[in-house]
Amino acid sequence: MATLGATYDRIRGQLQDYQRVAAGVIGAWGLWALIGALFIWAAVDERQLFVIGLIVGSVLALGAIGLTLIYGILRFGNFAHGDTMMLGAYVAFFFLTGLVKEERRDTSIGFGLGDLPGATDRLGDLSFGYGFLLAAAGAAIVLIAFSVGLDRLVYRKLRQRKSSIVVFSTAAIGVAFALRAVLLIIWGPEPRTYFAGITPKNEYPFDILLKTNEIFTFLVAVGSAAVVYVILFRTKLGKSMRAYSDNPELALVSGINTDRVITWTWVIGGVLLAVAGVLLALQANLKPELGFELLLPLFAAAILGGLGKPQGAFVGALVVGVCQEVSVAYFSAGYKPAVAFVILILILLIRPRGLFGSST
Amino acid sequence: MSVDTASKGLVLEAQAVVTGYGEVDILHGVSLRVEREEMVAVIGPNGAGKSTLLKAIFGLLPVRSGEVFLKGEDVTNKRPDQVVVRGLSYVPQVDNVFPSLTILENLQMGAFVRRDGVREKLDQVFALFPDLVGRRSELARRLSGGQRQMLALARALMLDPDVLLLDEPSASLSPKMAGMIFERIATINGSGTAVLLVEQNARQALSLCNRGYVLATGMNRLDGQARGLLENPDVGRLYLGA
Amino acid sequence: MISPNRIVSASVLFLVAFFVTALPFERSGFDAEGTVSFLTTFLTTVAIYGIFALALNVQWGYTGVFNFGVAAFFMVGAYTAGIVTKPPDDSEFVQYIGGFGDFLSPDVLDSEEWLRFVVGTAAAGFASGLLAFLLSIPTLRLREDYLAIATIGIAEVLRRMVIEEGSVVNGTNGLVGIPRPFGGWFDPSDYKYAMLVIAVVVLVLVFIAVERGIRSPWGRVLRALKEDEEVVEASGKNVFAFKMQGFVLGAVIMGIGGSVFAYARGSIGPDSFTHFFATFLFWAMLIVGGSGNNWGAVAGAFFVWGIWNISLQLNGYDMPGVLQTRVFYIRDFLIGAMLVMILLLRPQGLIPEERRVSIWVDRRMRRLQRKQPPPTAEAGP
């Protein structure tokens, strides 16, 4: 055992030296340069995939921002984040169509927002009508209620008990599985789409083909991120959230109402997840398992950007999205999560605090 | 009890405070008083419990027995955000600014519960710490040690506290910077804020303060006028040595 | 005096045992032999899962390392054992590397019944441990949940690699026909009893090894690590090395468990190692049974797998169609909810942890306090 221990020490020592050198050489600037080079190469060589990657990344960003906020303020990894996103997507589906699964087929509760006059009339080139937007708003409300309610029921009690972060994360995993089971109970395992039919792709400069849906997705995602930015950086509440994330004790010392900070974290996270879930469902079929599969890219994005730093999560998500989509040109699509994993491991090796993280 | 303290002009009083971390008690019944506009020092060897005392007064640690009175009101075991609105401010020794917020935002956070007069207070505070003015949009983590301490002090002043609790403000500062900090503290005290100053540098502290308390192993040892303590041979031998 | 908690735990375990036995007995028309056969398979699985719960307990309950990708080590162990013990691949439809089964079966001492299995299990443990070693390098110095997401990641990535790279371990079709230790000595219909014995023997050996290890000086440091890392660090112990050792040891045990799983099942595929089955379920077992406690780990394995089986049995009864199609999802929901409830209401689990290490930590803490002021209290969640 002793010689093994000595070997570990030597290896670890060497690794730490290597890491210090790498971190010094690479540092934040190096990482940015790397990302910049990657983006430029992808934009030139794999234009179509690059653009799709940006779109996918922008949707991931909404989840990653919420995730990183929860990390910074509540200090734990919310492993239920992906499944909560799916909850939002499914709830919106339900509001729109009124469908749930009975024994083997769907049954309707009688009314869905899609039944409103003209609700499914396509808005321009998009694949949906105003009914979809209403359903999305409904999903946001449900997710807010769910997230805040869950915090009151579970996480707050754990906070009062001063539980370790592992207990929080384990509870989150339990919630994740329970959520997925609920989705399976109500809507079954078959893939779901919001709308039948095909939407056309339009041609854009540089030989890029995009559905209007996809442009809509990107704009909404970026817009939502911008709204969050304004909240966090230009309002008193947002500043208090960032302050609390920096230094919870000093925030308390300054008189900041920590309960309010925590509640708003869940609210913002919930709304972002609803938007992300709905946008995701526009692009792909809904399956309950998607929630768990999203965890890897979401966490990779948040860690790459620096935990607790929403601007980092945004950038990180774009990077993960681009890398994942561009990888399809070289590897099978089944490997996309592997790409996120590789990014994760690389960051942990080179610069664990991420792009915007501080070295405390 | 509380009627007594108010009439004496006492702004802060701790009586027989017992507190600690986890299952271990650090303080075994410490008492002190701070009168209006006074500056009081708390000195003693490492591990005496000086920082712990400040935390207990401010509500960051549970007071297991004993009481704390602020301007006559019992604030024992009130949460920090409840205490800070009553006129008590606290500057921790480390981690006393928000590193990813700008100087201006740090001060705005200090004024979080303040309803009005924020702008005027900002002007006042910048006047007191001119070094911070030109850097208002700079991130706090980029500040030097001395500037950071000043920001930490400034943040605590934003609510016009009656009493300021300072935990080793000169720690890890160069002598010149430390001197400047003490000078600012004296100015703050001069304009009417009482100060309870925990310090390693006992000599410095006592030379600035009216009175002092000597703590050791979680209990009161000595107290009295600062000059008396400075000249006391026991204190000199044990705590003022090189 | 026996505390009410103990009574609750004992009754709950007894109830599970009762229903696990009674339900199939009743449903099969009181077929005693069939029920015994069923129970044998049930207990074999419980034993194997118990091995995993013990391993997870070493990693989490004792060392405090947060491994959320048990599936990765499970999978590596099972597949390694499979390719070591199987004969080489011989058809174009079935492809996998390894296949040392024939090589490891020289015609001496009936070696084809045991030698390749011993080698297989050893290789499984080694491969699993190696994976843990590699994974710990970027992650162990960091906060616990970095390792959590890294382990989730490696489990998912490995699973996909197995599917995508069909020639390594035969992709989605999996490895079939994994031989059985001592298979030639028994009738096929009697073999399950032998397997049960094998599984229980391995479980007992692992249990004893872990218990001895934990009570050794090395084990004490490990447990102190979970309680208060700072104190251990301040005492001059190399925290990283200890954490790695605990993590790797747990992984080795998982590899061993994986090998026994492969032998017992005879065929494995990527679907055997989903996150739910091969990771989450073990966490549920450990938390429900009582982490930090080897008896709790085994009890948890019994309890959770018992509940699982009871639900399978219940599905056999008539019930409204709406429920029928969803019984399993309802069960999944209940397990997830149960995990959360246990964390909230009874975090110590069925069999609570022994509080032995506190003395070590307290002594060190007092020694340190005399030297320097205590650390700042954290006002976090």
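For this structure, a couple of remarks:
Each chain gets a letter, A, B and C, in the order it is written, and its residues are counted from 1.
Just so we're on the same page, a contact is a pair of C-beta atoms (placed from the backbone, for glycine too) under 8 Å apart; a residue touches a chain by one contact, two chains touch by 3 or more.
Everything numeric here is computed off the predicted structure, so don't read it as measured data.
Between the chains A-C lie more C-beta contact pairs than between any other two chains.
Among the chains in view, A has its Cα centre nearest the centre of the complete protein Cα set.
One simple way to say how far apart two chains are is to compare their mean CA positions; for chain A and chain C this gives 30 Å.
Chain A and chain B have centres, each the mean of its CA atoms, that are 43 Å apart. Between the CA-based centres of chain B and chain C the separation comes to 53 Å, rounded to the whole angstrom. Under the contact definition stated at the top, the residues of chain C that touch 2 or more other chains are 376, 379.
Among all residues of chain B, those that touch two or more other chains are 60, 92, 95. Shared contact sites, meaning residues of chain A that touch two or more other chains, fall at 249, 252.
Across the complex, chain A is touched by residues 60, 64, 66, 68, 137-139, 142-146, 148-150, 152-154, 156-157, 160-161, 163-164, 218, 238, 240-241, 244-245, 275-276, 280, 283-284, 287, 321-322, 324-326, 329-330, 332-333, 335-340, 343-344, 347, 376, 378-381 of chain C.
Per the touch definition, chain B reaches chain A in the complex via residues 58, 60, 79-81, 84-85, 90, 92, 95-101, 105, 108-110, 112-113, 141, 155, 159.
Against chain B, the residues of chain A that register as touching in their complex are 236, 239-240, 242-243, 245-247, 249-258, 309, 358, 360. If you check the complex, the residues on chain A that touch chain C are 1, 4-5, 8-9, 11-12, 15, 74-77, 79, 102-104, 154-155, 157-159, 162-171, 173-182, 184-185, 188, 248-249, 252, 292-293, 295-296, 299-300, 303, 332, 334-335, 337-338, 340-341, 344-345, 348-349, 352.
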